[in-house]
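Every chain is named by a letter (A, B, C and D) in the order it is written, and numbering of its residues begins at 1.
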Amino acid sequence: MTVRFAILGAGRIGQVHAKAVASTPQATLVAIADPVSAAAQSVSDAYGCDIRTIDAISQSADVDAVVICTPTDTHADLIEQFARAGKAVFCEKPVDLDLDRVRDCIKVVAAQKATLMVGFQRRFDPDFMALKKAIDDGAIGDVEMVTLTSRDPGAPPADYIKRSGGIFRDMTIHDFDVARWLLGEEVETVQAAASVLTDPAIKALGDYDSVNVILTTASGKQCTINNTRRATYGYDQRIEVHGSLGSVSAENHRESRIEIANGAGYTRPPLLNFFMSRYTAAYANEIAAFVAAIANGTPTPTTGFDGLKALELADAAIKSVETGQVIKLS
Amino acid sequence: MTVRFAILGAGRIGQVHAKAVASTPQATLVAIADPVSAAAQSVSDAYGCDIRTIDAISQSADVDAVVICTPTDTHADLIEQFARAGKAVFCEKPVDLDLDRVRDCIKVVAAQKATLMVGFQRRFDPDFMALKKAIDDGAIGDVEMVTLTSRDPGAPPADYIKRSGGIFRDMTIHDFDVARWLLGEEVETVQAAASVLTDPAIKALGDYDSVNVILTTASGKQCTINNTRRATYGYDQRIEVHGSLGSVSAENHRESRIEIANGAGYTRPPLLNFFMSRYTAAYANEIAAFVAAIANGTPTPTTGFDGLKALELADAAIKSVETGQVIKLS
Amino acid sequence: MTVRFAILGAGRIGQVHAKAVASTPQATLVAIADPVSAAAQSVSDAYGCDIRTIDAISQSADVDAVVICTPTDTHADLIEQFARAGKAVFCEKPVDLDLDRVRDCIKVVAAQKATLMVGFQRRFDPDFMALKKAIDDGAIGDVEMVTLTSRDPGAPPADYIKRSGGIFRDMTIHDFDVARWLLGEEVETVQAAASVLTDPAIKALGDYDSVNVILTTASGKQCTINNTRRATYGYDQRIEVHGSLGSVSAENHRESRIEIANGAGYTRPPLLNFFMSRYTAAYANEIAAFVAAIANGTPTPTTGFDGLKALELADAAIKSVETGQVIKLS
Amino acid sequence: MTVRFAILGAGRIGQVHAKAVASTPQATLVAIADPVSAAAQSVSDAYGCDIRTIDAISQSADVDAVVICTPTDTHADLIEQFARAGKAVFCEKPVDLDLDRVRDCIKVVAAQKATLMVGFQRRFDPDFMALKKAIDDGAIGDVEMVTLTSRDPGAPPADYIKRSGGIFRDMTIHDFDVARWLLGEEVETVQAAASVLTDPAIKALGDYDSVNVILTTASGKQCTINNTRRATYGYDQRIEVHGSLGSVSAENHRESRIEIANGAGYTRPPLLNFFMSRYTAAYANEIAAFVAAIANGTPTPTTGFDGLKALELADAAIKSVETGQVIKLS
């Protein structure tokens, strides 16, 4: 079976997914939609697919699945539209910035018995998959403490920050998902600290740039998350999981594997500087997993529920910072 | 000038300090005191020093300085006794497990204008000193976030835990001191999570074995501390400091620098398994710094105040765990 | 301009190059040739290209360039045939196992003013390119000593070894090319040691499995090459270049970037186990460089001359082992 | 039993050995000899030992063992003198620069049934001992190829070079000894390349600064040695041993274990810059091993024979460079 795809949105991440679809053996790219016709044309040229409107796509019999890469505030509506149209839906995170809207959307998906996968690409990074496999294989025994370090090379533009829902919903949300994935147990309490250290403009926007979070589960497992919007040495993405029998960690990706030694010491290149080059393989694997789930009729590895839970943790972290309290999730 | 020393207590740590004194050029070991005469004799034999009682030492004209290595509950009394006797005092942490007692003790020291150095040896580890120097030299710009990982190979005996004041006062206290040292600013808020994951016996003793702490300062700097009583791969002691211009970290100490490659992969030896072998150089440097301060009439690098502040952070962490609140230090 | 390709030979390496051609934007795969029709069909199915005979391809007006992936003993004849047919030729190393035959072949290519690139893919590995760039950028000053370590996971089948020309012409030849590339100066003397340590069957075939080589240049630069046919930890490919101002090295590629710590130590996965997965990016870059040279009318980065020089070094190494002498190249 | 020592020569290496003797529990330093009285006095002051002439020491009943740290051209005579005087002798390498003189000297030692240990300290480095132990424990199976990299931070003064016997007898000789130790089999052939790349003054002195050597044994094991007199990044001392089941390597010693990350990359400090700080532990272990052999009446771990064999390899390497031939050892 070949899964026939349409991509909604031909921006940066839309192009990434278009390439992923085009290079997945069991998938084919049928159509692209974007209000900016040059963007749509560019994808059409590169992969030989049609240009259609979103509404046309939702009625296209030759489309089995869509990848939603449109602005965040359209996600929930589009998920519902395409779930109702009988298409399998892959949606970039987040489903919505509002928890109630997410809950409603998931209900629609469930009512339609539709397929919804939310884009948490880190779960599909080959190194993180190897780390998870080591845990699942028993290499470190029972998971006890997870340590996540995610640092961006630089803050996004003010405009982006304004619409982002804040650092916890925009950036930490990936770590919340990874935490749930690795802890293997739902989070019960959330506490956080947040401040602005890199740029006062971020404070003016009502957001933070430097945060630390502690999560705990019912059985006492703990996870810490460290985020900053500015790491001069590149895009820093580390995981360490400590267990009863040992620890497992995943190293960063550098620009190359060379090392130069001289009187100043031994220097290796900085890290890859952009999430798209860092997670190239993850984006491809993610689409391949979506395709495989559709083709095999199996559940997708991430769902709307995962999007919901990660957002709940983000909201709890914000509440913790605002109240100075440890927040219990119900 | 040669500083003439007596050591109070000939146990494990007393022997470490005896050796440090004996190998410090400007210091000489005059006397050892220990109620267990075999222990005192052993130190006397090794370094050719007298065996005296504690009271005799406090009246010995040929002793300039003492190192207090007796049980914790005697520390504050001995500090006061020797401060009054005009001796310079080096005391192993903690001064006392009770904050008020520590405050009183420090007042006595201050009233006597006595010298008191509290044993936070990590500040004297060559690698951590190199890390601190890199920060002071401006290599990472302004300090923003400190990440401390301290994991013991295994929990101490139940008897020790009972008298220890709990993991925060016994183990995390070293990290609290390192945090203050590296943040370069006093801590304003403390929040923590704690659980028992390695051994239910620790729960039965009313203690924890796995904790995470977040500290913040007035300017918004943050520090996280991760502790566990059980790391199968050895004594894990890591520091990472993130700043406006970069990050600096210090690596662990392994049993040796070899690496074996075979079909199972590339394996380096586990970490040194014991704090005394890990911090051998730190213990020697610490005594050398104490001697230099006395000889030069300069302040000691750590004082009773440092002991007090670290204990305040430990008490705040405990309160945070108990109340589910972020604790503000006054 | 789009360069229209045919691949001669649909075996393992032919498939690698077919994929590389298909994914190079400026190239298109027009035809495949292979006497085994199932092999040809498989490439045709995958990339939608014609199946043609070699002779048909040499007369195809719609083919600009060919990639020769046929058995070694056909290389020189095919290079000549396609050079005469006016096609640009990419040929897997070696041109031939016989030096005189290589010289004749190169003469034909020169007489036809044809384009010939010989497949030394290591020059196109991203890490090795970064290393070379660091040298060219002056990071280590003048190159003084090059150290090459190339170890295969396991020996090829006896049949392959028989026809390979021996380890120096089959395996070390890649290092000879890298040596020339990095030394930036032609090699003047060659000396070598060779023995059989991994499998007596290799001795029975008249070959070696473990060799070390020293090369020197006129100005006194030196290069050592270490090869073995058996490395239990994977496909080991390291370069280190020492210069007047420092050294630069390139690290191996592991199966993943995780590390597991437990009582046995810290273990990272073994190396990628196969030259094709290790050099995936190199093979793609190599074809891209060939395409760019054709499209831009610039010289190819490697030529028949490079194939010749590497083979001369291989022959000299063999002579050194046989005679116990340092061999001077004329 | 306490072994009573005298040190002959109070120079740099004499002071290292004096300290090693003083800190070895089973040894005591009785006397120091040096024609420069200030040097002798300094050692005497530091360790409270007598100052005596060499002749007086050879007749001192209270001296069991001597450490010869005098100029190279006095070594053989002093070894003979003290062997005849019934003292155990530890002599810094080399016994002599002339092979025949070494052979004669060893005969005298043998005739006297005297104890002679030659100072090849690398065998006593804790990391290299761990590497050797891994081999002996079977971690890599049968040893096949040894790779030794020894690079000095800078060349010694011209005066030193003149009297040194050349780089092979002065610097590579340590690697020759390590090669024999690790190969576990005597070397049968030697071939080498040598040039001057760092400083023409070295050429004027008739010496080389950059050399590579290949050694082979009867069973076909191979060893390469890479030396240069100039490594800008410090004192580079690496060993890698490849065997039938895997490889083992030993890493260098850096100034500290910190790493700084910024836009320029990840930088670790350069290597320790001086052989004495690099091999501090090795020098202490070496003397402890000598003392243990005397105290236990067991053979010393290195002997005059080891000094002889290493010198034979050095002479063969020189001959190989001069003749362009592989040199067979008889």
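Convention: contacts are C-beta pairs under 8 Å (C-beta built on N, C-alpha and C of every residue); 3 or more make two chains touch, one makes a residue touch a chain.
Fair warning: this is a prediction, and the values are worked out from it, not measured in the lab.
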item: A-B against B-C, pair bridged by the larger set of C-beta contacts; value: A-B
item: Chain of greatest Cα-centre distance to chain A; value: D
item: Chain A-chain B separation of Cα centroids, rounded to whole Å; value: 42
item: For chain B paired with chain C, centre-to-centre distance based on mean C-alpha positions, whole Å; value: 58
item: Interface hub residues of chain D, defined as touching at least two other chains; value: 231-233, 245-247, 261-263, 269
item: In the complex with chain C, residue positions of chain B that touch it; value: 231-233, 254, 261-270
item: Chain B to chain A touching residues, read off their complex; value: 142, 144-145, 147, 149, 151, 189, 191-193, 195-198, 210-212, 214, 216, 220-222, 224, 226, 228, 230-233, 242, 244-247, 324-326, 328
item: Sites on chain B touched by chain D in the complex; value: 126-127, 130-131, 134, 139-140, 245-253, 255-263, 269
